[in-house]
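What follows is a set of structures for review.
Common to both upcoming complexes is chain A, partnered first by chain B, then by chain C.
Up next, the complex of A and B:
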């Protein structure tokens, strides 16, 4: 009963202050929403990777493969079986289905280890029978079945819930036909490895243990860590709102709390009821937050899925399917956030003295103490950032560096602003100007949290904006270098490729036909591609080299050396002149690193070798793709002739500008998510500023009333109020510019290098800065508008309340 | 100097008018105590005279200016240049130090006189406190700053609303004595709202409000 009475008294505050209640709920909701949204995106993608990794129990079974990504000979498979190895063959490959691809996995169900039997191939004799018949049966997920409905050339389809999207399991015989790969085995799976490989096979085959996390998960980790970092940043900025709203409610309810304590409510009961009230609000806001987060994730998922597919080849479905644990985690974050933001107020309620102190507005001393503490913490964090930069390595250290830099700068902000305002006050002449500067200094304590949030949001915007635009500019230049040829051509199969070559050789307008052939291997434990190139000025004149030995190109063309991509060089710590061991089907090939080139956006490492060296060591390499040099004005007619002659599909022959557009589109979609989160963070910072100004505006009437009484018109006071807020926002925005550049440097020189393996040059974009400063001022103007209108419209009665209780 | 003629004022939430046909006058250089029970309308009348609020009916003149006919800007100008206000709550500007607080109204009125400010600071015993902020002052010291601020503009009319209401008797007497001496020397007229018969007796005349009407 007592609890309900206390709760009723506390809740009555919100009835009288509905705007504050909405602000608190909105703050918690947006913080939870942005965090949950990002987590939903990550969870969806990771579920897809886990499905992909667990196809045929890849996370529990060992594999036997040929080195350098070569195919396994049927004779070797037979030899292994004879030696008592209980291996089962798998054939994998991709086929084109309409606008998308389909991963075909051929299995032999009768020899497949029981662990891999997770798709109910043998669920009933009829299904197994259908699977083994010549017409066959394709197992796909429900979404894939819907996509493939009516497609020609496929077997009848049945669904299996655990399969990843765009993947079909068929009998290996059917897979051979679908993939046009007779008598080919990609790998062998085995439940129990009986021992070392038999003599004679050890050189040609190798055993790989179960892969708990696939290459995909490893490659995309940094992408998801980036998303998580931005989600967390938005969460923290959202908590600034909650902190301000709870702090305001506490200040306003202080007399009520004192009264409750005075009439016998214990500090323990009072704090417990306040805690329960906070938890209830957090759950309400959390529910709304996870719902909004779901909507945000659903709207961003197509872009994320497209980025993951474009960058990593990862297949992530375009619709969300979230586990109940995600909803629970969202509510949990809302509770944790509310407690983190409201903890200080709860502590103050617990320690609240029963009698009000005689001088509640000892602002100057309190501000000096706070500034000293914040300054000391800022210096400590700056030192921590320095330590993370000097001693740390890896992506986590990169984010620790960025977090430390941002928080150190945010903590230093009030001190810097106080110094600027004190300087302004000293230099000011008119009494109202002096007052405006001095008053700004006094308001700083109340506004500093919101200004910190604004500083963080703006500097991250500047940093990310600089990185994205630097990337865009670099990437466009890089594409021009990498895609120097006018036309790119792919044959459907070896026969068509040979026919294309013969046709092209008879065309005098084709000045060069450059093969683009590559083999898959692993370098330094990571997936890597080895490209063969034909020695031609197209490469020597255009290739985006970062470093090259003087005779590097000649040595590569002679088959003695290789060029490596920047990310491979960083991962394997390679420099020009170093030796590199490349696993090939013909054994390990040791080459000299002749140079390093930039290869933006490619998660896998890459090495370039002479075309003859490639075909010598990978005799089975696919020889389907070519780059063609011709007069640019002739490109379209050449494409037209090729299509007419060979009935080529649209994506088999493509001109330079189309492929550049495609590449640019992938990267724009990649950054869509980042830019959206950035904009949301700035919006959240705007709400934080609005909340703080609203908080202050309640106390402002008492501070401004004496000036009004002395003859300063309300309109002028409102003008000064607005000017002061804009001035603080402008100073914050100006300070955010150098900080943003520092963030851009950390992103490009530390985090990008750690995450993706390549480093970008930084370009500055002053127009972008001007827009952001303008945006900050607009945010501040919008946030200050309502409190200023309230002041402008305050009735004399409201203002007169400051002068006494009597009429 | 001050003429109040048949002034009435009501507030929407109040059951009856706060002021009803109230009239009084005060000549230049004279002092008048306005007394009455709590809720009798003393502060309301003072606020109407200062142009802090608008009358429902009646006339108020300060010098040759009809306050009841002024718009918001005109009333602000009147307060800036002609009227000094001293409140029970002191109402100092907490972000400014004592020196800036003392000079504030005189400066915004364009009437700052350094010699007069120095004299006020000396006579009010504030010389040692000029660099301090209001939060570091006692109640008596804060009220002396408020009086100094109001007089620094050399107002024709000083309005004081329970200026010693927040002070103990000794401090209150000291502050009031100082204020009266300064008012007389500056030639201002003083209208002071007070509950205290004793303090009212120190002024030249008194008017008593009962139920919104001057007796």
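Up next, the complex of A and C:
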């Protein structure tokens, strides 16, 4: 009963202060929502990668492949089986189907290891029979089935829940026909490798162990780490709100707590009831938070999915399907966050002295101690950041560097602001002005957390904004260099490509026809593409080279050297003049690195070699794509003629501007999520500032009442309050600019290089800064408005009461 | 072998297993090559595959003895089944499904393994000359330089706990079963093409759980192909191959009807290789003892009587638990003979 009575007394506070209750709940909800929203995005993507990796148990089975990504002769399958290797053949490839591609995976059910039978062919007897018949059966996910409905040239479709999007499993015999790849195999899977490869096959084939984390997971790792970092940042900033709200409630309920203690409620019971109250609030806010988080994730997912597909070719479904553990984790984060934010208040309730004496000057000593402590912590963190940078390596060190820089700066902020205020106080004339400065310092303790949140949000905004805009400017310039040809053309098959070539060669308006043929291989352990190109001024004049040997282009044209992308160069630690081993179906090919070019946004490594060198080493390379040079004014009529002559599909012949548009769209979508999270972070910081000011406005009555009693009008006091808040916000925003540039530098020079393998030049955008400072002031103004209005309207009774409640 | 493959394999047969004869052998066979008399075998051509017929096998059994007199038995079988009537499809879609069975019996243990392959891609197949039948790393390979292509063969297979490598040789020609190779399987004229090589001398090495055992003995190869060898009301069979000590060989089988009747037939083969067909009236097959095998009641000891030839022998299994727990399960193991004649043999029982 006693518990209920205490709880009733405590809860009555929220009835009287509904705004505070809402603030607390909103704070917790926002923190939980942003965190769990980002986690939902990551979880969805990771599930897709795992599903892709575990299709046919790729995470548990070893595979036999041909070097350089070449296809394997069917005879080699038989040879391995006859040597006692229980291999099962898989033939895979992409076909064009409706709007977008379709990955076709052909399997052979009789030899397929039991581990790989996740495709649910056996879901029904009829289904399996249909699968094996010549007409066949395609297994796809439900979403893919809907997309492919009515498409021609496909077998009847059935659904299998475990499959990634845009992937179809068929019998290998059918796959041969769909992919037009008779008597070849992409790879062989095997549950247990019996030993070294038999003689005669060892040179041509190689064995790879199970791939627990697919290439996709490795490549997209940094993308998700970026998302996680932003989610966590939002969570921490959200906790500032919660901290302020709980602190406010504690301050306001202190007299009540004393009374409860005085009438015999033990400190233990009181703390326990407050803990229960906090937990209940956290659960309510947490539930709302995960719901909002789900909504955020659902609205951002299409963009995330689109950029993952554009950047990495990762197939992530556009709809969320979340495990119950995700909801539990969201609620857990809300609880942990509430405890972290409310811990200090609970501790104080536990240790609450029954009688407290007034300590009018005590705050000053406390503040000095706090500032010293924060200053020391800030210096330590700054040193840590320096160490992380110097010793650094890896993406984690990059984020540690950024985190340390941000927190060090945030911890240093109150000290810097205090120094500015002290300076102002010394220079001030007139008692009211001196008081205004001095009072600002007093206020600082209560506001510093909110200002720290504002500082972090602003500087991250500056940093991310600078990075995104720098990238946009660089990227667009780079696209112009990279896409120098006027028209890009792809044949449906070899026969059509040959016909296209013959037709083009008879056109005088086509000044050059440059092949764009590529083969897949692995360079330095990473997936990579080797492109063949024809020596032509199009490349020599335009290609975005970062470094090149003096005779580099000639040596590449002669087939003895290669150009490598910046990503590959960084990953494999290559410089012009170094040797590079390229695995090819014809054996390992050693070339000299003749130059390095920038290749933004490409997660895979890339090397460029002379076209003849490519076709010599990869005789089976697909010869379908061409870049055409023509008078730009003539491009449209050329495209029209090509379409009319060959009945080409829309994406078979594309002009330069369409590709640029497409690339830009992918780029914009990649950063949509970052920008959205960025805006949300700033909003959260604004709410934090508002809550803190609200907290202070009650406590500050005691400070302001004496001035009112001495004759300063309430209106004037309210103006001073507003002016001071705006000044603090302005100083914080100004301090955020250099910090933001530092963040931008860390993002582009450290994190970007680690995460994506390329470095960006930084451009500064002063207009953007001015907008941000204005935004910060607006945020502060909005946040301060309600507390200041409340102050301006405080009744004389309220002000007088503060003398009675001397604390 | 996993459950899904079970479904898979049974689906390659147009109708459910056991509903119509063992392993679907009693179903309609439209579109496949018919079996008509006379057989008119041509060797080595007919040692090879007959893809126009629905089902075919290369079936070697060997009753063996270790140096210490212990009995062993070995089975090596390659089944071919066409899942569709013949067409000009090749590669994966040729419609041919291959199934290999290997068994090794000791007085205490019975081991077996099975393999699957499909199509015309080199994983399994049969070449008539020089003879080779294989699936994965199991093979039956002809080494004869003169005479019949099957006169000298080596046979290898391995499972998880056993393997064997045997050589089987003979001077005698293959022996046609039934009416010159046309073997009738029911009153309603179901039939198959059927010949045997029952005269092999076998030697080689068995490896049982890592221990090598040199063995010698006698072997019997059955070659049979058909498009519908069983009548729809036939549920299984009991098949005997007897290697008598005087050099004669006897083949006898009983095809059991679902209503309790049976179609019995056989062949008496002299030591010189002269074959005489035996009808149901000539042969008496009587179960003497029924054992519990893999949860079923299986007659593992028999009396075989052929009064016209003065034969009356009791058979005893070397191991009553010679159960092939394969997708189509059956009993297959070496036997010992006592009574009017001494000798060894092999017994196969399906549909229990």
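The rule we apply is simple: the second predicted complex is superposed on the first by the 794 of 807 C-alpha atoms of A that agree within 3 Å, B and C clash if a C-alpha of one lies under 4 Å from a C-alpha of the other, contacts with A are read in each partner's own complex, and residues count from 1 in each chain.
The criterion applied here is as follows: a residue touches a chain if its C-beta (ideal position, glycine included) is under 8 Å from a C-beta of that chain, and two chains touch if they have at least 3 such contacts.
All of these numbers come straight from a predicted model, not from anything done at the bench.
Aligning the two structures on chain A places chain B and chain C side by side, free of any clash. Within the superposed three-chain model, A:264 lies out of touch with both chain B and chain C [touch as defined at top]. By the touch criterion defined above, A:766 lies against neither chain B nor chain C after alignment on the C-alpha atoms of chain A.
By the touch criterion defined above, A:209 lies against neither chain B nor chain C after alignment on the C-alpha atoms of chain A.
In the superposed model, A:114 makes contact with chain C only, not with chain B.
By the document's definition of touching, of the two partners only chain B reaches A:712; chain C does not. In the superposed pair of complexes, A:797 makes contact with chain B only, with no contact to chain C.
When the two structures are aligned on the shared chain, A:172 is found in touch with chain C, with no touch to chain B. The superposed arrangement places chain B and chain C with a least CA-CA distance of 82 Å. In the complex of the two chains, the chain B residues touching chain A come out as 11, 18, 38-39, 41-44, 47, 50, 52-54, 72-73, 76-81, 85, 87-89, 91-96, 100, 103-105, 107-109, 133, 135, 161-162. By the touch criterion given at the top, residues 74-75, 77-79, 81-84, 86, 108-111, 114, 117, 121-122, 125, 128-129, 132-134, 171-173, 176, 182-183 of chain A touch chain C in their complex.
Those residues of chain C whose C-beta lies close enough to touch chain A in the complex are 2-5, 7-8, 11-12, 83-84, 89, 91-93, 97, 116-119, 121-123, 134, 136-137, 139, 158. By the touch criterion given at the top, residues 359, 361-365, 430-432, 434-435, 438-439, 441-442, 703, 705-714, 796-797, 799-800, 802-804, 806-807 of chain A touch chain B in their complex.
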